[in-house]
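Both of the next two complexes hold chain A, though its partner changes from chain B to chain C.
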Partner chain A sequence: MLYLLVSIPFIGALLVYPATERLRLPPSLVAGLMALSALVLLLFIGFPVYSGAVLLSRAEWIPQIGLSFSFRLDGLGLLFAELILGIGVLVVLYARYYLTELEAGPRFYAFLLLFMGAMLGLVLSENLLLMMVFWELTSLASFLLIGFRRHTSEARQGARLALFVTGGGGFALLAAVLIMGQIVGSYELSDVLASGRLVADHHLYPLVLVLFLIGVGTKSAQFPFHFWLPHAMAAPTPVSAYLHSATMVKAGIFLLGRFFPVLAGSELWFYMVSGMGLSTLLLGAYLALFQHDLKGLLAYSTISHLGLITLLFGLGTPLGEIAAIFHVINHAVFKASLFMAAGIIDHESGTRDMRKLNGLFKYMPHTAALAMVAAAAMAGVPLLNGFLSKEMFFGETLVLKWLVEAQWHWLFPMAATVAGIFAVAYSLRFIHDVFFNGEPVNLPKTPHEPPRWMKVPVEVLVVLCIGVGVFPNFTVRPLLESAAAAVLQQPLPEFSLSIWHGFNTPLVMSLVAMGGGAILYSGRKWLFRAHDRIPFQISGKQWAESLVESIFQLGEMVDRLLDSRSLRRYSFFLLAIVVAAGAVSLWGESFPAAKALTPVTIPVVIGGLLLGAGSIATAVWHGKRLLAVIMLSIVGLMTALLFAYFSAPDLAMTQLLVEIASVILVLLAMYFLPQLTPPESSRIRLARDITLGVIAGIGVAILSYSMLVQPLDSISSYYLSQSKPGGGGTNVVNVILVDFRGFDTLGEVTVLGIAAVGIVAMIGGLKIWGPEKDWLGRSWAGDRHPVLLTTVSKLILPFALIVSAYLFLRGHNYPGGGFIAGLVTGVALTLQYIASGSDRARQRLPWDNLKLVGAGILIATGTGLGSWVFGFPFLTTTFAYVTLPIVGKFEIASAMLFDLGVYLAVVGTVLLILAGMGGLHQREENV
Partner chain B sequence: MELILALLIGITTASAVFLLLRGHTFPIVLGLWLLGYAVNIFLFVSGGLTEGSAPLVEQGLEILPDPLPQALVLTAIVIGFGMSAFLIVLALRALGDLGDDGVDGGEK
Partner chain C sequence: MSMLIDLLIVFFLLLGSSFALIGSIGLVRLPDIFARLHGPTKATTLGVGSILLGSILYFSSRQGLSLQEILALLFLFMTAPVSAQLLSRAALHRRCDSIARLPEMDDGAEKKSGNS
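Entry: the complex of A and B
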């Protein structure tokens, strides 16, 4: 069930496009139904969780690294999942009216559902590595959502900044999770939670904690990583309402709760977490007051409230955790409704600037009433949800078990009250500046009430604010208790949720905050002037951008240092390093002959002399290119003979055929290339290159010799003994190719096909013209298609095809097979192209060679897949024996079909390459 | 015999490395080609030197050569052809688009 739950948003994201295009459903409807069905499913399966049950599902993914597809639904996960899906449904409804269908479209809802799925996966993950996957996914999805209005530069910059900060934090978190997993010995959350104080007592604990908090702090916009959040306000308002109230920024908070039992309880935790929370709380509250943008105010207020929650987690007291979780709920509810209200105001009046927005109450009284209630909840006014959690927060700052003796234990209640004062002031500003305070100034539109259904999500949320505020025990207590139990992993202390606790210190703090806030707001004009006069404004955005810039500069510098833009220098260094590495490992080793040497025979001496001379001649005469190619083909021929002499008939045949095809290819190409290489190198360079070549040669020779004199211990006896019974053929080389190592062959044929496709792509659009005369100034022969060659080639073709069929059929048992037969056919057909020109050859061979290659690879792959149908692993073969006249008894194996695929791919590749080159000549001829 | 083969592989490699370091496309193609021979022979002889036989079972042959290096080298030869062809066409394309067959943009 958990799998279904997590996959619903992802399925929805995939469905939005086809549903919108094929079925003509509005994308908002699809997205809304998906979110709603997930919510219903969650409420249904989440029921036992209220009584303390934990639902687990588990499936292996990559067990070697401890990664599994396991999900977990406990109280904390349930709370966050309800927020994600519940507010998700409302946001979809809201977006339906906020964005025109044209602007939003399926893309918007697909991103939104993607994000929803990622968040859901994050809060429900049981496996820590899986959790990290979803964590990164939320960063990516939020990048897409913040940058949704991709035509504006603010959206692009804001999205990039958010990705840079949260993505960087993701690295730190990943490191923390990996270390934690190593300490505990498991990446399953259940094991980690059950490990008790194992992590906290480990000597790596400080490192884990710092990395963990960087991850948490970046995601949840904690000081000093808070600066990305205001810039993320470039997102469409439904996105802000979703990401920056209930989900994305709460992901870090979620982790604080998730790992509270593992990491909390140390002095380090207290100082770092509560310090981070406290500074964020104050800074956010202070800056929120001075924003003129409505969403900017909400963004900094969000930062401040996130700081408050972090501070509560940092205190480490059980009641503090309950208050933190309570405030997570409350903040999500009122902040989402406030963002939506701000969006309505923006939508209906055309601006979010509070210096222009005034006196909107008489234009949109209904919206104003809703926004005022929500803002009052944000300020912590009694009878609303924000009051209850803020009261608990004030109470907790007073009972600090860590700081009782310290002389500055007054700091926390003091700071809490100051933050409360600012919260009241900016909430007042939101209410008074926007809805009262005179008349609007130069609004682009005359404001009016939004469409009826646009207000419904706000109404639902505001009703929740009041419901939780007045009847906390009925509405929220079960959820809160199960979530808090999941965080604390121990029985809950007694706590009371009620509006009236008697006249106590927290109440006094609340009253001071309200009074102070009102006074602060009334003195705002003076304050704004003072704030504007602060000379230096630290911009985290600029800092981050200059950091990115300097990383790029560093990259360019390293690049300049390493890249000399010279292939020759690269090659030299690469080869020199290889030679040096070889020399270092061979140095001082001796290789005594461990077996009797094979006696020297005359043919080998003669062939060897020719081969060696050919190699040297190729190098010496490389300037005279035709001569060099002739020398090279001597080496090729001698190699083929060497294969034949040392018992490899298949190799000899292949080498000969490839030699023919290569020489044709080179001759075709040489027509266009300069026929002489100009002397190019200085003496020093020549000497240097010769030295490197000789050293490399000596090294390889020593290596080869030492290998050859070692006793041979091969795994091949298996292939030799199994070839007949297992593969049904007596030619072991062929059986290895099509059966034992068929997968390799499939890959190799594919590489060949890719090379052919690349060649076709490069030849297309190639503009190149050959010279008029050869390098001795002689004209080319006038007869392009000699009659003799044309006639002979036509005669040869049927014989060549018969030979190739013969080689193909007997390949399993005697030298031959798909590769060799394919080369024979390819060379024979190429002869047709050469003899009659590619235009006429193409008329007579009307198939598309590219498709031939594709068909070959498909047949080979299909044969492999075919064995799946019968329940065997990929590329399992089977065979039966058939007797044909002339060919004799041979066996029909499924491997033969595979070999047929190889054959077709090879034929197609050879033709593509050679006929493609020939086509260049033909083009010149036709001009 | 072993010494002869080791020397052949060494000589071919030396020539190939020298060619790889030239400044024009064509010698480099030749160099890679030559290096292909050297590597293929090296791989092939790693299965030992067996004379006058073939990797065919049930044909009355007494000593069989090691079939595995042969299978590896067979595909290596064909792929080597594909790669050489790719390089040659790349060289042509570079000549056609840049009007020069030097590899370092005219730098000497």
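Entry: the complex of A and C
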């Protein structure tokens, strides 16, 4: 059931697109139904949790590293899941009216559902590593949502900043979780929670705690990581209402609650967590007052409230935890409704600037009433939910006097009261500045009430504010108790939820906060001027961006250090290092010749001399490009002949074909290269390079010689003996390729495909202006496609294909195979491109070469997977013999299908490269 | 019988080698590019063709009918003239030195540069 629950939003995210496009359903309907069904399911299966049950379900994923698909529904998870799904439903409804037709496409709802699923997975994970997976997923999904309006630079920067900060925090958290898992010896939450004081007494505990708090602090926007949150306000308001009130920023808080029994209870925890919470609380409350943007005010007040919750967790008292969880609920409810109200105001008046927004009560009284109740809840006015949790908060700070050194005991209540004053002041500003305080100034639109259904989500939330505030014991107590029990992992202390506790110190603090807030607000004009006069504004955004910038610069510096952008210097260093390493490791070794040398024959001597002459000629004539290519092809041809001479026909054929293909490629590329010889390098450098080259060559020669004379008992004898009985073919090379080492081949073919995609990406939109004349100023021949060449090449094609098919079919037993056949076909088809021109050839060969490569890889993989169907391991082969006329007896092996995949991928890649390079000319001429 | 076949094989091999040799000498010795083209494209093609005929006879008499060489012959005889023609066109285009007088070229077609 838990699996179903977690997968519903993900399924929804996948369904939104097809449902919108095929079935013409509004995407909001699909998303809303998905969220609603998940909520109903949660309420249904979550019922036993209220009485203390914990639902677990478990399935292995990668047991070797302790990663499993296990989910857990306990009180804390239930509370967060209800918030995520409940507010999620309301947000979907709200977004339906908030977003314009253009924006409210399936993309938005798919992202929203993706985020919902990630959050749900996070709060319901039983396995810590699985939880990290969802944690990162929330970062990514929120990146997509914050950057949803991708055409604005604000949204892009905000999204990037959020991803940078939360992603970095996720990294720290991952480290913390890994260490924690190592200490406990299990990544299952039940084991970790049951481990008691194990982690807290471990000597790595401070490290775990710091890393953990970095993760929590970045996600929940705690000082000093809070700065991303205001910039994330570039997101559409429904996203802010969802991410920045109820879900994303509460993820860190959730973890604080989750690991409270494991990590809390130490002095270090108290100082770090409550210190972080306290500074966030004060800073957020202070800055919130000075925002002129409606959403900016809400963003900083969110930071402040998150700090309050963190502070409560940091206190470490049982009642403090209850207050913290209570405030999580309350804050989610009133802040979501406030964001929605701010969105309505923005939507109907066209601005969020509080200096322009005034006196809106006249225009939208209903919305104003709702927003005022929610803002009052934020300020902590009695009869509303915010009052109750704030009262508990004040109460808890007072109890602290035993914990803190005696002379500091006043700090927490003082700070709490100051924060309360600011909270009242900014709430007042939200109410008074927007809805009263004179007339609106230069509004882009005349404000009016929004559509009926846009207000419904706000109404629901405001009713909850009042309901919780007036009848806390009926509405929220069961949920709160089960969640608090899950956090504390021990029986709950007595606590009372009521509006009137008698005239005590917390009430006095509340009253001071109310009065102080009102005074502070009335003096706001003076305060704003004072605030503007503060000369330095610390911008976390700039700081983070310059950090990113300097990371890039560092990378570039290292890159410049290592890569001189000169192929020559590059290969010099590479060779020099290889020579040095080889010399150091092999110095003083001796290689006794244990095997007799084969007798030297005249053909080998001639071949060897030609090889050497060809190589030297290539180097000497490198300035004359065409000549150098011809010399290089001598080297290639001689290599192929030597392969053939030493009984390696497969290699010889491959070498020959690759030689052809690469000569074509070089010639095509040469057209674009400068045709004059570049300046020669100095004699010293030349001497240096030659010396190094000779040393490296001698080294390789010595190494090969000593390798060849060693008595080597390699795996080849196994392949030779097993080729026929095991692989069903007598051509060992091919059997190794498609059978013994089929996985290697599959990988190589995939790499080939990736290279093909890379080439397409690189030369896809490329336009190179080839020279119009050659280096002597003569123009090119006018006849682009000589008739004789075109005609004969068409005639040859069928024969070439026959050869290719022949090589393919017999490949398993005689020299040949998919790779060689693919090269033959590729070269033959390339000839068509050369002879007839790209346009004509494309008409006659109308398939997409990239798809050909893809099809090849799919066929090869499919063949491998096919053996699973019959219960064998991946890539197991089977074979049978068939006799065809002319071709003779050959064998059908499942490996042949695999070979077909190789064949297609090779053909496609050859064509993509050669025809692509050739196509560059064509495009240039068509311009 | 087999003696006769062997003699025939020897004949074809010798004939082929002679053609190839003569063609190669021609490639080195003849005065201009248009004349030199004849060496590799005509004489050497014939030479390789003869050697392939010998190969057909050799393998057919020892391992049963062998026809792959026919395919090779076909490729050879189709591609050699084409490359000869392309080479001579290129030489003509570049106005290479010639002992014979070269035909006049149509300059209008030359303006449309391009080479694929």
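In this section, the second predicted complex is superposed on the first by the 561 of 927 C-alpha atoms of A that agree within 3 Å, B and C clash if a C-alpha of one lies under 4 Å from a C-alpha of the other, contacts with A are read in each partner's own complex, and residues count from 1 in each chain.
In this text, a residue touches a chain if its C-beta (ideal position, glycine included) is under 8 Å from a C-beta of that chain, and two chains touch if they have at least 3 such contacts.
Please read these numbers as outputs of a predicted model, since none were measured by experiment.
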item	value
Broader residue contact with chain A after superposition on the shared chain, chain B or chain C	B
Partner chain(s) touched by A:636 [first = chain B, second = chain C, both, neither]	first
Partner chain(s) touched by A:763 [first = chain B, second = chain C, both, neither]	first
Which superposed partner A:127 touches (first chain B, second chain C, both, neither)	neither
Touching partner for A:819 - first (chain B), second (chain C), both, neither	first
First, second, both or neither for A:665, with chain B first and chain C second	first
Touched partner set for A:804, first chain B, second chain C, both or neither	neither
On chain A, positions contacted by chain B and by chain C	none
Partner chain A, residues of chain C touching it in the complex	71, 74-75, 78-79, 81-82, 85-86, 89-90, 93-94, 109-116
Chain C-facing residues of chain A, complex	671, 772-773, 778-786, 788-789, 792-793, 795-796, 799, 802-803, 834, 837-838, 918, 921-922, 925
Chain B contact footprint on chain A (complex, rising order)	565-568, 571-572, 575, 597-601, 604-605, 608, 611-612, 615-616, 618-619, 622, 625, 628-629, 632, 635-636, 639, 642-643, 645-651, 654-655, 658, 661-662, 665-666, 669-670, 672-674, 677-678, 680-681, 689-690, 692-694, 696-702, 704-705, 707-709, 712, 714-716, 719-720, 723-724, 730-733, 736-737, 741, 744-745, 748, 751-752, 755-756, 758-759, 762-763, 766-768, 813-815, 819, 823, 906, 909, 913, 916-917, 920
Sites on chain B touched by chain A in the complex	1-27, 30, 33-34, 37-38, 40-42, 44-59, 64-68, 70-71, 73-75, 77-86, 88-93, 95-97, 101-105, 107-108
